[in-house]
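One chain, chain A, appears in both complexes that follow, with chain B as partner in the first and chain C in the second.
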Partner chain A sequence: MRRALQQAGWLAKRLIGGIAVVWATATIVFLLQALTETNRAKSIIQQQSGSALTPSKGTLDAVNRKFGLTESVFHQYISYIGGLAHGNLGVSYFQHDAVTSVISQQIGPTLVLLFVALALAWIIAVTLTVLAAGRDNVFSRFATGFQLVAASLPTYWVGTILLVVFALDLGWFQVEGASGISGLVLPAITLALPVAGFMGQVIEDEFVSVLRQPFITSARSRGMGDLGVRTRHALRHAILPALTLSGWAVGYLFSGAVLVESVFARPGIGSILVNAVNEGDVPVVSGIVVVSAAIYVLANIAVDAAYVVVDPRLKSR
Partner chain B sequence: MKNVARNRWKAVSLLLVAGAAALTVAGCGSSSAGASSANAASVSASTALQTTSGVPASGSNTPTRGGTINVAWEQEPPCLYGEWVQIGYLSQQYLEELVASGPKGSVVPWLATSWKVSNSGKTYTFQIRPNVKFTDGTPLTAQAVVDNFNSWFTSNPATYNGYAESEIGDVYKNAVATGPLTVQVNLNQPYYYLLSVLSQYAMGIQSPKAMSRGATAECQDPVGTGPFTVVKWNHGVDVILKRNPNYNSWPADAVHKGPAYVNGIVWKFIADDTTRYASLESGENDVVYNVPAVDWASAHQSYQVLQYNTGGNPYRLQLATQWGPFTSLQVRQAFAYGMNRPQAVAAAYLGSREYNGNGALGASTPTYDAALANNYAYNPAEANKLLNEAGWTGRNAQGYRTKDGKELTIVLPYGLDMNVTQDDLSFFQIIQQEEKRVGFNLVLQSVPPATFFSSGAGWPGIKDKFNVLPWYWVGRTPDAMHVVWAPTIQGQPNVNNVTGYQTPQLASLITDLDSTSSATLRQKYSYEIQNLVVKNALALGISPLEVNLAVTPKLHDVWLRDDVGEPVFSDAYFSK
Partner chain C sequence: MSALNPSFGEFVEERPALSRRAAAFARSVPFGIWIASLVVALFLIAAIFPQLLETTNPYNINLAARFSAPSAAHLLGTDQLGRDVFSRIVAGTGESLSIGFGATGIALALALALGLLAGLGGKVGDAIVSRLIDVLFAFPVLFLALMVVTVYGASVTTTMFAVGIGTSAGYARMIRGQLVAVRDAGYVEAARAIGHRKTKIVWQHILPNALRPLIALFTLGVGNAVIWASGISFLGLGVAPPSPEWGAQLAAGRDYTTAAWWLEVMPGLAIVLLAVSVTVIGRHIQARLEGTVRTTLL
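Let's turn to the complex of A and B:
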């Protein structure tokens, strides 16, 4: 009972901290756009009509009224944050639709891609470490080299190469927009490779130092096999830093998804964000930034909670 | 064009019949054929407007029903109805105009079966085609057409039509239904180009009932009378269109009279060049827009290649004459002599575009002056001489010329996928190297598209901060030059003229060109304007704007409309 209360208190604290982060993000995004001097109503009309001519006053007034663009900055900020508190992110300038609905329609495929890529990165990193770390043979040298190269590959380039080789030349996968698992393979690999490289390096460092610990020697002296020692004892210690890295990876993958979605013509938040930035669709851009901040916060809370599961010693703290 | 150019607007097009005959055009197939041949005589175009190359369509030539056309496009528009040309390519699949732009600048009947122009030139009376229904069941009546006119000239941003306002806002008075199927459009003063304006993709007639749903529905699902209807817009992915089985309002120049052969179109948005073209090679798509230059040659070996060389103001470098080094005519001319434009076009576009040296007018436009095609041929010696004469005699450590300690810097801002494509960027990088040799520091500066669009001369984003602006303004006839060179539009300074160059002589030539009904005089004035633009080194031509499509050989009878090259899919069918 006491533990449950403690845990609830911990979670509440983290959530309050998370809300503060999201609020700060929203405020910064709001200030950045409020400080730009563009005549927004004019820009909206000019882009929609594709004409550089100055629109009539009546048209400008109508657009200003619709989006509340002539209100004071303070008033706009209050209604923006107030809306945010009620889950209202405003209305898109160009899609004439609520930002929440624009985002919710598109975020599904991005989240699926993101978490599949994260899982894949874990699988690649853990497998290579368990099989190669602390050994000195051709395979382990290959594994180390692979991690280095993978960590430094540009996503855009990997995506294009995979696309040309596996989708176009070999014809194993569809080139564009495939739904379902087959459409997920190449984009997920593209995104996972750099993260797997980073994680692999971090896990390996920790793994190698754990292998030198006395309790490993004692496990071996009890007659435990090498693979058993590696998976049951060393790995549990070595993945803690990789868990920390996963919080960061969610942010990295989210931004990487923008590029990958464009290369593979996948549905998702990426193309919406690129279009919105290009058009200056401020409500959509800030909406996506705020939502991704919230996802980042939640991912980090989840990572912290996972620590306790991996390392029971943390429970008593 | 590929260019995602936002402004790929069609400026005015037109060209009815020469002389007084223009004032009364009976709308029917045979008379418009007469109009075309009358026009042909005055056309001095050297470039074919529309070409089909590559491999021919394969299989049986007997049209068959069924199948879905998968189309891969580059840009996703913000709305499914509007005036940007990238909307037009798509909206022409479901919206139709009163008249259709026919070949060689003519117009042919579409939703209006005939029309009459009063002797004063101020009243146009249209007979609306009977028994046509919008795809929501609303009948097409004179009142429905009037409702559309009213919605264009309003301050309601949901239906306001900036294209209509900038083209005919100055002369439009009202539209009145004088009978169940008779519409009278009244003007404040005679306007020679009205039919041409009404044939533009931005003037599609929509169901008044559907328009009353408001902006959101208007954007998601506009309702017209066209051969296809919008089923669903999956933002960021595609627009699903299905066949209109009751279609009966095809234009006079349709290849076949009847509803579309195919069941529908999936119109996808694939911005990445490599992916888009690869999706045709893998067979996932049947039609791709904007073949990348590197794939241009191979596209010709496997696909039908459709090309439309749009007329009007070609893609060109416009030089800002009101500030910076280009206030000097000598420096502008030196810049022109300092680069090998034809060779850079060949190297950057690999044959996918033709060189259009005359920066004032596209080669396919009537009254184009071919004598200006080779202006400012590459001549570094002349460039150096002109720069020395203009006082840019010093050289700094990087090898750029200086004058009074100031470097000869020329800023060229660009919005990628906006007014500039990846291939255009290669072109700029080539001339950047050439200009360096004569001492110009040509700076290529990337600008966010939103800023770029609402910028330009007198535009807040980059006023005073650019010296060269690559741009174009599409049209079919020389009056496209009006859009750029007229001193004012609707009483405001003309922001389309980013060079800032304006003289009473240029202004009066533009007025003369607009108002005369004599083909001979139009040619004369047009030549004079082109010479003025070229001699003053205001606009250095690169290439005509172009629409290109690679089409699988199985798909027959896809064609590009003589407006701005919108693809027509209602006549297309898959061979067995």
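Let's turn to the complex of A and C:
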């Protein structure tokens, strides 16, 4: 009972901290666009109508009223944050739809891609570490080289190569527009590779230093085999820094997902974001940034919770 | 080797000759680092004196030779207008590297300002900056960069600032950590105990020791910045074709991937080659500064 209360208290504290972070990101996003305020109503109308003529005062007033652009910056900020508190991210300049509905229609495929890629990165990094770390043979040298190169690979480039080889040349996958699992394979591999590279380096460093610990020697002296020592003892320690990195990786994966979706012409927030940046649709871009920050915050709370499960030493604290 | 120095009556280290030290240094650098340095040197030559490496005029349109596959005449093939891809990659090196260096410089300048405020600004300064860095970490790098592009419009300068602002949080956290560690180090406490003035301690002890890792960070950062910047151009939100900037070439070649794979693969290869080389060099510098040279790279 006392433990459950403690856990609930911990969670509440983390959530409040998380809300503060999201509020701060929204403030930064708001300031970035508000401090560079030009005649936005004019550019919205020109973008919509596709003409460079100066719009009439009547249409200007209508657009200004619709998006509240003539209010003072302070007033706009209060209504933006107030809306955010009610789950309202404003209205798109060009899509005639609320930003929340634009995002919620498209974020599903992006999140699926993101978490499948994260899982794949874990599998690649852990497998390479268990098989190669701390050994001196051809395979371990290959693994080190792979991690180094994979960590520096631009996703858009890997994606294009995989597309050319496996979809165009070998015809194993549809070039674009494939739905379901077969449409997820190449994008997920593309997105997972750089993360697997980073993560592999971190896990390997920790793994090698754990292998020198006395409890490893003691396990070996009890007659435990090498593979058992590696998977049962060393790995458990080595994945702790990788867990921390997974929280950070969510942010990286969001960036990567946008590029990968563009390469494979996949549905998701990537295409909305690119269009919105092109058109100068500030509410949509800000909305996507704030939502991704919120997901990043939630992922990091989940990571901290997972930490306690993997490392029982933390329970007593 | 040490000898008794009669004037001070104590042991002093006798320094070997400069040529000996240079030779020892050369021997201590692994083979992989030499290769990486050679690659970086070639890129620098391409950036500063592109004419030395270009095989033909990179802007020369030759419709008869459109989409030629890589051959002796066109090392890396030709594009949709018959322009030589190798010469275009050479011609684009200057702009790509400038964006990479500029963005890294902007990122480190921002990070340095935040880091100094946190490391030397007392408890309150540290608390505020640390929270701010936490918040900046919640922004995906590309999204923060694209937010800057949305507000200021796509251009070379915007790309540079966008990438610089987007990547600054990571550096800020490292610099802050370094400053705090040095600030609390024993030799700083010793300097304080002797009665050195605060400014002297900051300039003579804290800053030189805390900022030395910046050399490695800068090297590592350039590759990273080039990757992000060309990604923005790839999305069509950075440097626009017909510029030979690497990302712009990737963006221009996207529509022809089925006909000519080399239009995407070759500029990308240049990016990867540069990124891997500077990463290898940066890591080596880092390891040397920390005094733990790892010999994992050949």
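The definition used in the following text is that the second predicted complex is superposed on the first by the 317 of 317 C-alpha atoms of A that agree within 3 Å, B and C clash if a C-alpha of one lies under 4 Å from a C-alpha of the other, contacts with A are read in each partner's own complex, and residues count from 1 in each chain.
Criterion: contacts are C-beta pairs under 8 Å (C-beta built on N, C-alpha and C of every residue); 3 or more make two chains touch, one makes a residue touch a chain.
Everything quoted here is computed from the prediction, not taken from an experiment.
With both structures placed on the common chain, the touch criterion links A:Leu153 to chain C but leaves chain B unconnected. Within the superposed three-chain model, A:Ile288 lies in touch with chain C and out of touch with chain B [touch as defined at top]. Once chain A of one complex is fitted onto chain A of the other, the partner contacts of A:Pro55 are limited to chain B, with no touch recorded for chain C. After overlaying the two complexes on the shared chain, residue contacts for A:Thr100 are found with neither chain B nor chain C. Shared-chain residue A:Asn64: touches no atom of chain B or chain C.
In the superposition on chain A, contact of A:Val164 is made with both chain B and chain C. Once the two complexes are laid over each other on the shared chain, residue contacts for A:Val277 go to chain B and to chain C alike.
Of the two partner chains placed by the overlay, chain B and chain C both lie in contact with A:Ser262. According to the touch criterion, the shared surface of chain A, contacted by chain B in one complex and chain C in the other, consists of residues 160, 163-164, 168, 262, 274, 277-278, 280-281. Residues of chain A touching chain B in their complex: 37-39, 42-56, 58-59, 61-63, 66, 94-97, 102, 105-106, 160, 163-164, 167-168, 171, 174-177, 262-265, 267-268, 270-272, 274-275, 277-281.
The part of chain A that touches chain C in the complex is made up of residues 21-22, 24-25, 28-29, 32-33, 36, 144, 148-149, 151-157, 160-161, 163-164, 168, 248, 251-252, 254-256, 258-259, 262, 273-274, 276-278, 280-282, 285-286, 288-289, 292-293, 296-297. On the side of chain B, the complex with chain A involves touching residues 6-9, 72, 76, 78-79, 82-85, 155-158, 160-163, 165-166, 215-216, 218-220, 234-238, 268-272, 274-276, 278-279, 281-282, 284-285, 415, 417-418, 448-451, 453-454, 456, 459-461, 489-490, 492, 495-496.
Residues 131-132, 134-144, 146-153, 223, 227, 230-231, 234-237, 250, 257-258, 261, 264-265, 268-269, 271-272, 275-276, 279-280, 296-297 of chain C touch chain A in their complex.
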